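One chain, chain A, links the two complexes that follow: it is found with chain B in the first and with chain C in the second.
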Partner chain A sequence: MSAVIRFESYTWRYSRTKQPALDAIDLEIEEGAIVGIIGPNGSGKTTLAYSINGLIPRQEMGVRKGKVYVMGREVMAYTPAELCQRVGLVFSDPEAQFTAMTVEDEVVFGMENLGLPIEEIERRLAWVVPLTEIGPLMDKPPYEVSGGQKQRVALASVLAMRPPILVLDEPTTMLDPLGRRRVFQVLERLKREYQSTIIVIEHSLEHLIPLADHMVLLYYGKVLLADETEPFFERLAFLMEHDVFPPGVVEFFYHLKQAGEYPADAPLPLTVEDGTARLRELLGGKG
Partner chain B sequence: MQKMHKTILGYVPEASPLYEVHPFVRLYFLMVVSIFPMIIGAPEWNLALILVVLVLMKYGRVSLSTLKLYVPISISMGMLILLSYTLLGGIHPEFHVVFRILGFPIYYERIEAAVEVYTRILPMIFVMVLFLSTSRERDVLVAMRWARVPFTMTYMTAMALRAVGMVIEDFSIVRQAEKARGFDPHGKSLGYKLRQFVMYIIPLMALSLRRSEEFTKAIVARGYSFTGLKNVKRPDYVLSKYPFRTRDAVLILIITGFLLGILYLRYGLGMLTLEGSVTQRWLRQWLLGGAA
Partner chain C sequence: MMKPEPYVVAENVTFRYPDGTVALRDINLRFAEGDFVALIGQNGSGKTTLSKCLNGLFKPTEGRILVDGLDTRHTSITKMAVRVGYVFQNPDHQLFNSTVWDEIAYGPRNIQLPKAEVEERVREAAEVVGLDESTFEQHPFFLPKGLRQRVAIASILALRPHMIIVDEPTTGQDVKQSLEIMDFLTRLHEERGHIIVIITHDMPIVARYARRTVLMAHSQILADGPTRSVFAQTDVLAEAFVEPPQITQLAQRCADLGFAAGTLSVQEMLEQFRSLAARRRA
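This part shows the complex of A and B:
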């Protein structure tokens, strides 16, 4: 598969800081992949997201070095209108991005900006509304619905623009477990049915891991580790040294492995289902 | 159970005949009918306008209980107008003294003027209540867009309407946060409260600045530009959901017809003025015993 996003020795330093938020990073993201970006706060995750959709450097003051290519063209070679048709961005605080009086107006806002004909807007609404399950909310003010619903409205308003690349910046930070699950269910459907390229910046690893094809560890401006999800979590000691706290099931098997009670060459289970199956095998083997 | 629509001031049934009217007609009604009391001087005609608005509210299935909220305001406003025109109205030897309060003369002419002003303001409030009870924020924007107001302006109006709610919400959060840390201005002097108000203003300002930055990023990320996108004609999906029917055009004509009729009666025939009105005759009879 070809790289749909490519960072080449990319550095960004905000004018208000001395240290670069991203420091000479090289990274490639393949078309159709779901990539999880993790790292502690202040690692440059949001900067990375803004650099892909051009908010950096267009809306921020700072010093930029290196290149960011989106679908083969440097980000700065695109006009903002061209870029927003290729990269959709969902923010962590959905409420901050609502400007319309009803959910319906909010969802069509981006499509109107693209100048789509009314018939096409209706077609896309018919696609995105059931996908994100916001049908009963269409007539309500977006700021009066629940947290999880707000984030699905924000997601719908970006998806309706049909960008081939979707970037979600901590989309579930402000949500309860149920809201979090519903958002990831939508992402699962996107992966399964539309093969979209999705970049998810997220702290909630238990939902992200089953979804992600690749993982990237950003640590204070540097890409420390980038790999497919399974081999990525095989380096658990390294990840934990760099403030990544894996789901309990991964940590549990890691400790078993360290104690020699789990085969050293066996991969760590990444989900509860996988872990349960492995544990049954282990117990069955001993029994 | 009938489906209700949330409006700016409350709820209105989806089946309300007034809600079915195009939002522009409702806005036009507000803008034009609010002018009527400015033209009409005769209090009885302005009171008749209130009656018409009440009938429209009933017909539009608007809950008349909404008006209860405005009773204290209306009474306070009436008292203030009466006081400012009579006790605080100055000394006018040329006017007729009806009676005296603590030695201050209360003139007939000033009472008459107070009644006229009050009965001009009241219908405007009723018209506004009718509009706010049958319209949502979205309707205001649809009406503006239908009137071909540039999108940038309607969008700024939308953001302003949205910002009002956000500032109120933020204020409440900041106040709760201050209270949680032991700050309670309850029972303190007004001066103290004003001095401490800065505690609210600073975080509110900071929140507003942060929100405006987030707003900007969010709308830019979805392709919005105040200068408009090159070679892109912006469609209006929302407007397409509100067809303007013949009935709406007829209503516009009727409202305009009333405006023209009232203008003609007032300035063409000299009617609808306070002079010679039934209210004036009645007031004179009651307060002056027909002496003036």
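This part shows the complex of A and C:
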């Protein structure tokens, strides 16, 4: 596995603030991995996303130190057009990325900018529209649909460009539980069928954890912990000290493990299904 | 013990939008003193429409809603605003003044309170939500989201409504901020006696804070009762596409081992596990 994104003692400070938003970050993200980035608001998660797609430093005033490599090349060495073919960013505020008068034009806009032939655009529409379930919205203005629908339109317009790296900044905040599950199902398919590298910034851990290969805790500008998902949550006490609250199943088995009621060498279950199976074993057979 | 008189009584309420869409169908619902309620359900299930009916912004097409004895169909918005406050999901949809002070003072000025009273109300509301004086002259737009939400809540509190409906108080907040907001609403409830209704998709928050839960789907109320018993109704939750918190799901899948379907916290789960494990050893 090779690192498709690499931060090397990367520091970014916005001109308007005294403290750096990201402070001497070293981080590698492997090709084809789904990586969850978590941490309190104000920790630099969005800054990290913007540093990957080049919005930082191009659109922000500030001081940059260190390097960010995307697919082997420094972010600054790319033109914006080259970079946006490699990194797709879905903003936490979907309205921030809308430019067109209809949902269809919005989804097509990026593909036209890539200069794709019409047949290819149509092929990708036929793929992305059902995938994100935006079919009934195609003729509507993107700013008039509901919050959850906006997030799906934003996702569709980025997916249509088929970037090998996808960065999603809180993609489900406006979705209800069903909509949230659907988005994570889409991400799972992208990983399975297209080996996309996916970076997800998210507060809701319940759906992220079963999907994520790696987790990164950003805490006020520093990477405090980065590991594969299961060992990451073995450090639960440390995480909770830093305002990370795990889903109930992880927390339950962590406490059992601490109390010696669950084998010290057994991995923590990360889903309700796993948890159910482990609990049945603990209480003796099939019950 | 006397049952408290309901503050809000909705009787056979149906609401139809001008285009004919039925958003509420035959709703019967009561809110009484001491209520801390979560209103849950998918987007489009009718939660926000119901809230807007409760504070008189919308009038029922059929049926009626009594608030503090007043029929919302015949009561002015001003009279309603001092009884039921509604805090928007996105504070930016609610905030429009150029200073925090003017934002909070807007409601009291609008109901034509004398100047001294307006000032007292603003200071009180700001203090309750923990906004200090240094923010008063700032533009709400430039405050962080957590503070903007507090300004939005303060501007509602300044009208001293007895019942406060907060639409998605934790959206876009991190976990610590979410707990802070919920603890704050709990203090309003316990120390100042407000009836609190939260609209939310965050089931762990519901399990932790709301004693009562109202579940909506397809413009109707599917379940209404103590949170524990609503979360125990797995069939009804599934029909409404609502998943209870993970720990509740775990307990339900292991109900045959002796776990209670209405388990709400990791602590409760651990206690049950230990007593079940002890029984097996014995």
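For this structure, a couple of remarks:
Heads up, the rule we're going with is that the second predicted complex is superposed on the first by the 284 of 287 C-alpha atoms of A that agree within 3 Å, B and C clash if a C-alpha of one lies under 4 Å from a C-alpha of the other, contacts with A are read in each partner's own complex, and residues count from 1 in each chain.
Going forward, contacts are C-beta pairs under 8 Å (C-beta built on N, C-alpha and C of every residue); 3 or more make two chains touch, one makes a residue touch a chain.
Please read all numbers here as calculations on a predicted model, not as lab measurements.
Taken together in the superposed arrangement on chain A, chain B and chain C clash. In the superposition on chain A, A:Asn53 contacts chain B only, with no contact to chain C.
In the superposition on chain A, contact of A:Asn113 is made with chain B only, not with chain C.
When the two complexes are overlaid on their common chain A, residue A:Ala96 makes contact with chain B while staying clear of chain C.
Of the two partner chains placed by the overlay, only chain B lies in contact with A:Pro80; chain C stays clear of it.
No residue of chain A touches both chain B in one complex and chain C in the other.
By the touch criterion stated above, chain B contacts chain A in their complex at residues 5-6, 136-138, 141, 155, 158-159, 161-162, 165-166, 211, 214-225, 229-230, 232-238, 240.
Contact residues of chain A toward chain C in the complex are 39-42, 92, 146-148, 170, 173-180, 203, 206, 243-245, 247-249, 251-252, 255-256, 261, 272, 275-276, 279-280, 282-284, 287.
Of all residues in chain A, those touching chain B in their complex are 50, 53, 55, 58-59, 79-81, 84-85, 88-89, 91, 93, 96-102, 104-105, 108-118, 121-122, 139, 141, 143, 157-158, 161.
Those residues of chain C that touch chain A in the shared complex are 42-44, 144-146, 171-177, 201, 203-204, 241-243, 245-250, 253-254, 256-257, 265-266, 269-270, 273-274, 276-277, 280.
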